[in-house]
Every structure is written in C-alpha cells, then in structure tokens.
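Labels run A, B, C and D following the written order; every chain starts at residue 1.
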Amino acid sequence: MIIVLKPHATDAEISQVIKRIESVGLMAHVSKGTERTIIGAIGDERALQEAPLEAFPFVEKVLPVLQPYKLASREFKPEGSTINVDGVLVGGQRVVVMAGPCAVEGRERLLEVARCVRAANGHMLRGGAYKPRTSPYTFQGLGEEGLKYLAEAKRETGLPIVTELMDPREAAAVYEHADLIQIGARNMQNFKLLKEVGCRRKPVLLKRGMSSTLKELLLAAEYIMSEGNYQVILCERGIRTFEDATRNTLDLSVVPLIKRLSHLPVIVDPSHGTGKRELVAPMALAAVAAGADGIMVEVHPRPEEALSDGPQALLPAAFTQLMGDLDRLAAALGRTL
Amino acid sequence: MIIVLKPHATDAEISQVIKRIESVGLMAHVSKGTERTIIGAIGDERALQEAPLEAFPFVEKVLPVLQPYKLASREFKPEGSTINVDGVLVGGQRVVVMAGPCAVEGRERLLEVARCVRAANGHMLRGGAYKPRTSPYTFQGLGEEGLKYLAEAKRETGLPIVTELMDPREAAAVYEHADLIQIGARNMQNFKLLKEVGCRRKPVLLKRGMSSTLKELLLAAEYIMSEGNYQVILCERGIRTFEDATRNTLDLSVVPLIKRLSHLPVIVDPSHGTGKRELVAPMALAAVAAGADGIMVEVHPRPEEALSDGPQALLPAAFTQLMGDLDRLAAALGRTL
Amino acid sequence: MIIVLKPHATDAEISQVIKRIESVGLMAHVSKGTERTIIGAIGDERALQEAPLEAFPFVEKVLPVLQPYKLASREFKPEGSTINVDGVLVGGQRVVVMAGPCAVEGRERLLEVARCVRAANGHMLRGGAYKPRTSPYTFQGLGEEGLKYLAEAKRETGLPIVTELMDPREAAAVYEHADLIQIGARNMQNFKLLKEVGCRRKPVLLKRGMSSTLKELLLAAEYIMSEGNYQVILCERGIRTFEDATRNTLDLSVVPLIKRLSHLPVIVDPSHGTGKRELVAPMALAAVAAGADGIMVEVHPRPEEALSDGPQALLPAAFTQLMGDLDRLAAALGRTL
Amino acid sequence: MIIVLKPHATDAEISQVIKRIESVGLMAHVSKGTERTIIGAIGDERALQEAPLEAFPFVEKVLPVLQPYKLASREFKPEGSTINVDGVLVGGQRVVVMAGPCAVEGRERLLEVARCVRAANGHMLRGGAYKPRTSPYTFQGLGEEGLKYLAEAKRETGLPIVTELMDPREAAAVYEHADLIQIGARNMQNFKLLKEVGCRRKPVLLKRGMSSTLKELLLAAEYIMSEGNYQVILCERGIRTFEDATRNTLDLSVVPLIKRLSHLPVIVDPSHGTGKRELVAPMALAAVAAGADGIMVEVHPRPEEALSDGPQALLPAAFTQLMGDLDRLAAALGRTL
C-alpha cells in the first residue's frame, strides 16, 4: 500500500503514518520526492484495511498495490478450479449449458421445458421458485411448490437443478431440492446471505450485481469462500449503463479478465444480459468465443404467457438451433459441448 | 399502456393483442397509422404487468402511460406526508439533521459523538450496529452490543435512534432499540427485507440503491407500503457513475423530482454521497437548497481511528459550524432548523 | 408519436395539441382513458421534431413510435449494405481485419508493422497521423508527414489505408492519402465534421462515442448520409461505465442489434474497447461470433516504446496467431477471413 | 509515479524500468516488498507521459501521484481566478447569472428575452447561433444572422453575450460579436477547437462533456491555457448516467471539488443538467449553495414554440422569481447577486 501525503506534510505527520503502519505489523518505507512525500507499507497490506490512513487530513490518497481478495485470486490457486454440480463439471474443457424458464410457473409447463432442454443436450435445468421482482404487484414465484416441481423434473430428466435462494430462512427448503444455489444479482452484496451459503456445502452460482465492479464480484466470492465453501461459479449477466437499447450491457470483457485474476469458473447469462430474444443466440456464441465456461439461457414454449421475462426467452426450436451452433463453435475452439 | 406493433402485423395478430388486453378487464383501442398499428389499453394498466405483451414476436414495444407505483405516488396523496420519528417530524417545515458515526465502535466513543450531536442541536443519532462491508476482512459491526450502546445514548441525550437492519432474523433486536429502521442501499431490492419492515409499525428510512433509478426507489417504497406500513422516508445517497473523483455521484435533482412524483419525505446523505469530508458541508447546504426534508451526516472525533468510512466523517467542530450555516440557509428559504 | 396529457387536461388544452399536430400535416387521434387523455399523431412523426409538444405545461410526456433516423434504418434498405474500400468489401461474407499502430510514429516503424499486417493476411492498414489526446502534453501525431508514410506503406503492401480526420481544415490532406476516413469517438457528435465527410465521396468509418447510445450513433450516421454519402461503416469501441477494470466496456450486444436496426456494416475495435493487450484476442473472437463484419486491432512490435496506447497493442506474433484463430472461427460460422 | 511490477519480475526487468525512468531525467527508487517490487519515479512525472511503462509485459500497473494538469491546478495559483467578461466579473463574491433562449430564433423573440433578463437583473445574455443537434433534421441555428441579433440585443440592453463556437472556420464571426466564447459539451474534447480558443484572447466558457471526468475537464482547460489563454470558466451541465428520470445527472459535487483542485471559476447549467423546467429553480439554488460562481439558465416566453429544448426553459415570470430567491440565498451565504 502506498500513501501519498499532501504537499508540505510535516515530519510529525510523517511519523504518525509510520506509527500506524508499524502498529499492524508492516514496515514503512519513506520516499521524499520533489513535490510529495510518499510512504510505502511493506507486508500484507490487507492488515491496513481496518486502519483508515486516508482519514488523516494530511494524507492525499492511498493506493493499494494488491487486490483485496485472496482465496478467489489466481495467485492463490494458479490452475483453474473445476466445480462438480451433481456430476456436471463446470470449469473444464466442456462448455456447460444451463437452460429453463425464468420462473417455475406450473408442473406441466416446467416438465415440458425440461424435456426440451434434455432433448437438445442441455446440461442443467434452471428455474426460479422464489422470484425477486421490482414491483410488489407482479408474480413472486411458487415457492416450495416450485421447488417440488423442479425436483420432479430432475427425477424425470436427470438434469441437475439450479435455482435462486433469496432469504436465509428459506435455505433448508432450497438446499433440499437444488444442486447449484443461485445468488441473484440483487443479492450479490447481501452479505448475510453470502455467509449462509458459505457455511453450507453445495456449489454456488454467484451472479454479478448490476452495478458491481469485477473487484466487488470477486470480494463477494471471497465472502463465501472465507466461510469455507470454495465451490463458487461466477456469472456475468450485464451491468447497468446509460445505454437503454438493451436491458443491461453485457460486459463480456470480464470473462477473459476473470480468467487472469481468478481461478473460479465463469458463465454468462445473455438472456438477462440483453433482455431481447433476438440477441440471446449471438451473445451466447460470443460468450463462448470470449472463453466462458458455460452459458445460462431462458427457454419458454409460449413466451407471451410467461409470468416473468417473456421477451428474453428463447423458443424451444431456437434453443435447439443454438445448441447446434454452439457445438460447431466449441469444436473450432478446441472444446466440446 | 400503448402497444406498438411491428410493420405488417396481420389482423390475426392484432386480435391476439386485443384478446389479451380484454382478458384482464381493460378496453383495447386500435389505431392504424401509416407505418405502424398502435393499440391502447384503457383502464388500470397495472393489470397488464402480469401479461407480457412484449413477448409476442409481432409486438415492437410496449409503452407504459402510468407510473407502476400507486401508494407512493403524489396522485394517491396530493399533500405531502409527515413521518413522526419518536417526536421528530420529518417532512414538514423543519430541516431535520441525523448525525453520528458510520459504525458504533464502542460505548465511550458513541456517547462522545451523541453528546456532540445533541450540543449542536442535531435531531437524531445515527450509527450502524450491523455493517454491510464490501470485504469479509473488515469490521462487521458490534451487533446487539452496538444496539445497546445506541439505546444508552438515547437515554442520555433524548435523541431518537436510526440504525440499519440487514437481516430479517435480526429484526426483533433492532426493533427493540431503534426508532427509525434504515434499509441500506445494498438492500434496497432485498424484497424479503422490505416486506419484513412493511409488516411492522415503525418508520423506515429507505436508502436509494447505488444503481437504482428513481422509479425503482419508489417501487421499493411501494413494497413496504403495500404491506401496510406507510411511514417511509426516502434517502438519496449517491449513485454509481463513471466519475471516480467522488465516491458516488450525489444526484440532488431527484429531491425536487421526488417532491413532484411522491408524497413521501426525502433526505440526503452527503457523507456517502461524496465520500470526502471537504465536500460534505457544501453538499448538505445544496441538498437543503434543493428542497430536501433533512440530511444525514457522519460525525467522528478522530476519523483516522474510525473502523469504517473515516475519510467522509466530519469533525465535531465542522459539524457545529455546518449547523450554523444550515440555520441561516433554512431561514433564507423560509424554513427552520 | 403519442402525447400523454397530465390528469385533468381541459378541452382547450387538448385542442392546442391537436392544432399543433395538424399544423405539420399529421392527423390527431384522441383517446380519453380513465386516468389520462392520450393523443396519437398519425403520419411521419419526424415532422414533429421541430414542434416541442413536451414544452406545453399540460403535456406529461411524449412517446415516439418510430426511430428518428431513416436513411440508416434497415426499413429503408432491407438488405445489408456492402461498402467497397479500395477493393476490400466490408459488410459481406468475409470477416475484414484492419490492423496497425495506434499512431504513425515514423517511417521505418510504420513499414515494419505494415509488412507484418500484410504477411498475416490482414486487409487494411490503420494508423493515426492526427491524434486526439486527452492531455496537451502528449504526442499529437506527425500530421501530413504521417499521411505520407501511410501512402508509402500502401504502395509497398497494397493495403488500403484507414486514418482519422479531426478537423475540416485538414480534409484535403487526409482525403489525398486515405481510403477509409475515420471519425473518432470524441468527434462522433462533431456535426460540422460529419457534414464535411457527408459531402465527400469516400467511405467513412464512424466510431461510436464513448457515451453515445446506439440511437445517437445511427443519428450520426444519418448526418453523413443525409449529405449524400451512404458509404458508412459503424464501429463499436467500448462505452464509458462505472467498471474501471477495463479501459472501456465493450458493448458487443450492439452488433446483432445494429444488424436488426440498420443496413450498415459494423466492425469492432477490441483494442480501445478493453485497453489491455491480453483481452484483445478473446474479444476479437467474441466480436466475430456476435456477427461483426470485421475488427480493428492495434499491432506494435515494441509496445513499450509506443507513443500512444502501448498497453493495448498486440505483438506481431500474437496478431498472427489471432488471424489463425479467426480463420477457424469464421469457418465454423460459415464465413471466411 | 509509482510502477508496480508483476510477481517474480527479474532483476533485468527491473533494470529496464529504471533505465526508462532515468532516460527522461527522473530518479528511480526501488522498493522490494514481500509480494511485489515497486519502483518510484522521483521528479516531474509528466515527463513519463510519453514513455508508456504500462506496456512492458512485466509491469502490473502504473499509479500516477500527481494530477496531469498544471496550469489549471490550484497549486499553480493558490488564490482563485476572476475572469472579466466585458465588465462582469466571474469568480468573485458576486453570483453571476447568464440567461437567455437556448437558440436565437429570430430578432423580435431574442430582444423580448433580452429585455426580460435585463429587467430581472441578469448579468449576461446567452443564446446559440450555431446549434449542435443530435438529429440532422432539426433546427441547426441561424448562424451569422443570429450573431447579429445577439449584437443588437447587447447594444440595447448592455448585457455581454455568451454564445457557442462549434467550428474553427466560424471563429472570426463569433469572436466579432461574442464576449464569452462557449465550448459546448460535445466539443469538450475537440482538441483543435480548444487550441483555436487558446490562441485567441477572449474568455472561454468550457462545458463539461456529458461523459467526461473532472480530470478530463481540467485537462481540456489545460489545452486552452497551454496555448496562452488563461481566461477559462468551467461549467457543470450534467453527466450521462443510467438514471433516465432527468435528461442528465447534474453532478453538483464537482463544484466544491473544483474549488479545491483548481483556481478557475465554475458555473452550473441546471437547464441542460435536468432537462425539466420544474427542476431548474431548485437546482439553481442548490448550485449556489454548493459554492458555484454563477448559473446559466434558459428563458423563453413561449417554450412550446421554441425550436430547441423548450421543455427546460423557464418562463419569464419564473425567472424573475428565481432571481429574487437567489438574492435571498446569496445574502444568507455572505454573497451578492
């Protein structure tokens, strides 16, 4: 960590900074320049996170040298992690496809979609039983009933289930039926929920918050990992920007960047990322070309009847065609679907 | 609600839209233009929120005419609301000042700040017992112990207490000691938490999420109100933008805009809004000039020892001076402090 | 265009709106709903752009139905456009690669890069002779001397030249030597410059402004086209968002969206879009997978000596490898390089 | 400037960095930490702007210590600058008000507004003769004819004229009639135009680009000042964010921040900043409370007939009332109107 002092900082002020640095077990290294005095803190600078040097009135700015996360970093584990979701490996040579309706809307409808995902060689079934909705007047999900339909769909198709957990009080029910526990974008910084899934032992799909930086996403993963659960899959699903031609701005550049900074697998959700059905397939292909470990897409046989996010759902035929295109693309990239 | 069809939509497609509109009890009004057919849905368009017309492949776009919130709207209650926080009225002629440390760090420190707030004629004491922190390795708050110190500070100074609730499982403890329940920016769309405070009967301070639109803020208020609790105070605390010279971009324009769209009171937090001590006082004055019902600021006697957000805390002397400046400003605006 | 009136609008106010609509030759269509009166303007709503209905105090909002651009729209020309840049076709089955240094720094250096681009089968040579730089104290380009080196590089390699025009007063010199005239991101709304290239007869590469919406990009293209020059190639090069892990946020979703809304070809610049050498190749592949007509990348043999944007330049060996990867990808997508 | 090397950087690589630093006349200061080697460059780090250390593959990041602007910085001139616009001082104790129509639309209309501004004690007349418009199909300004009307309005009212320069080729005409030359937001990084007004000797009003950081705004001022013209007034007019309830997000926090970082005066334009007439007056008051040296507002007697930006124009009566409110506010702040 590097501490830049304001011009004309006195020796007494410099001493205060040195004292603070040494108080947490680090070494201070002073360098007087022509316009500023600069002090380096040598050692694990995370010790200084609790000691707000920036609050000294004579400190101009504090520049961290290291990333604030550790367990999630590539340096901590140079080879990439592979997460096993009930037999499906995420983070390896295979491109993994998670598909299904946005929300579980009923038993028959869910089974219909599950069979379609299975028939097209998808790898996991997604579907929300608890739905975070912007308005209190819209469909909020079927709750436990939805979880049971998901379990039934798994029994019939063999597809592992990914579904969202919104409230620690519902963890028992969700963990009973789900194979991959989704933390939604709005809850990426619900730290109580992160600790809850960190203490448990199933893999977690952590979606990036719509206004979260990559650093914050990796710190949210660190929350889960610091509780002992290292089975975390990251998910890019679009960020909020000024551009309103799409629902969100899908930030695919983070895919190769995550591969450099972290050992965790990363998948992409082009359905929420774009909000428009016609853009889902091209952006799914782009995500895989950028190096994603998999994709998550919404599929619905009659989107105009969907209780949530119909405009971004693929029709079954379009999903089947996407699987074919992904297959050719994966082969060209030396991977498999 | 207005539904714009794609060019060359057929009569059969037009009929499908009409049928859907009528199925929720609204009337359809068809208007064939030179390039597009447009269909208006007459009646309470909120009935169509569950019926995703945009998902029809022949629908180009859907334009809502009304705001999606109702209880929070100015139309629902043309006169402004005044919220009573244990005797302090928010939303009236008085400019209300909530002040205190970012986090409760210890008994003595808290009492010292509380006395300072009291002496400078502040109206409420703020302080976090449960702290949402970006990194798992930083101070997470004193929890229930912190709540007890807040209660003691209230007994001594008479200042009502505002503190954050992060987890429904901690509601009982927080409600025992707090007078105004804060929902933090990161939890603005934690819908389970919104419902929790909506079912209870104490006033709620709802902070705008850092990437939330004003519409989403009002919909979050609607979540609380639709459960029966109408005592909601809104808080602007800065949004996330590309500008990194400040911690957030304080969006003061929403203050007069909220006054037009909603009857709920609105306060401003220039400490989180700017993240820089030197900007807090000018932006507090600006907030009141823009029409805010009050402000919330952080005060700390030794910011360089603060366990959270030291760089944005005012020193007690600066806080006292700000109170004097606010007093003169309020008078010039025909209000009182 | 749909005009939503405020509640309780009077008949006299409704008449004012109708009169205005009819005054520009459109028909008005009034629809009184339960909460609002709505007026539709039937005909070419672009006629109303000059008549600001939103400025009436009794008008709540104005909702356009049509896109404000015409010549750039897909409806104007349903089949895609192909632009001929001195023999290289952009917008067809071939994926076009434009490569070269950020800035022309000297004769030898430029020729070295041009040969490398040629050897790897790149299609055009890029290089800035006039450089827009954020600081007045950094390298501003070689000007006309740089243009001459570009012309020499073309004579030797046969590669058409793409270079930026910043000032109408330099148009004569730039047009003498360049085959594709680049309008940079900072000048996307320099309307005088757009008109200048609109009046001339060489193809234009129009880069999206870093805070421009897709609609504004298409309106900028419309500026050029409305002067008579239809040879416009669009370029996505990243937008400015809160995410600072990359230089810009490359918004690849606009690629398939442009293909729906416009007939103009679109290429992607992953060098400026990411600002990091390691991300250029994966994002170039992703751009092509998303449907881009080509890419523009920076290549430099010794980036640490580059006078501009060294950190985002590919080394020649990396460029050659990227060309191989693009070739396989293009084949898998049914295209050629 | 501080250079952070990647882990395991070799001695040879360290030497390369040292050599580069010394080659521009600075001293290198090496500090080997537990995880990273850090190298400080001591001396005027602006010398390194041309030497892209970040492009070395073994350099992880480069952290500047100083601001990249010099002439615009508060350190360069600790007391604030006062700019004299034909007798009106900007940057002193007085709050300066510039008002007028968005565009000059005709002789009579302009004179009517000018008299109203004069009668309400406004200090300068604004009005665009050349208008940058997003669409080529909207009113583009009266050009030289508009300049002449502005000159006539000055002769009658005595108000100095502020108007926009868009093209260096129009500089002669604009300089003949204007007292304060406006560089619009879209041209803030039109560096050729900045140099043009830097070489001339009239004061410049530099508007912040809608996606420009404060640092870039100050660098744009530096462009002008480095050509010799120190008479620069900055203008905050809103930035582009995800919030669409207002036209832009008015970033008032930069006002007190500019006062710390720079000696240049700063005014605020709440008309463009909000885009909504009802928000202009509260935000004008807020701007002055935040410390702005003045405001610029649009006034129009019949906004519904305005050829540009009618929805954000104040009616004359509202402008007169705002002047009264500003007067009381200024007095409470120890200033005058």
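Going forward, a residue touches a chain if its C-beta (ideal position, glycine included) is under 8 Å from a C-beta of that chain, and two chains touch if they have at least 3 such contacts.
Since we're looking at a predicted model, the values are computed, not measured.
Enquirer: Hop across touching chains from chain B and tell me the fewest hops that reach chain C.
Expert: Tracing touching chains, the least step count from chain B to chain C comes to 1.
Enquirer: Name the chain whose C-alpha centroid is farthest from the C-alpha centroid of chain D.
Expert: A
Enquirer: At what distance in angstrom does the C-alpha mean of chain D lie from that of chain C?
Expert: 26
Enquirer: Nearest whole angstrom, what separates the Cα centre of chain A from the Cα centre of chain D?
Expert: It comes to 39 Å between the two C-alpha centres.
Enquirer: In angstrom, rounded to a whole number, how far apart do the mean CA points of chain A and chain C lie?
Expert: Distance between chain centres: 31 Å.
Enquirer: I need the residues of chain C touching at least two other chains; which ones are they?
Expert: Those would be 211, 240-242, 244.
Enquirer: Residue numbers of chain B touching chain A in their complex, please.
Expert: 20, 46, 49-50, 52-56, 68-69, 132-140, 166-169, 186-187, 189-192, 209-211, 216, 219, 222-223, 226, 240, 303-304, 306-307, 309-311, 313
Enquirer: Tell me, which parts of chain D touch chain A in their complex?
Expert: By the definition above, chain D touches chain A via 2, 4, 7, 29, 31, 33-36, 38, 40, 42-44, 63, 65-66, 75, 211, 240-242, 244.
Enquirer: What part of chain C is in contact with chain A in the complex they form?
Expert: 211, 213-215, 239, 241-246, 249-257, 260, 273-274, 276, 278-279, 282-283, 285-291, 328-329, 331-333
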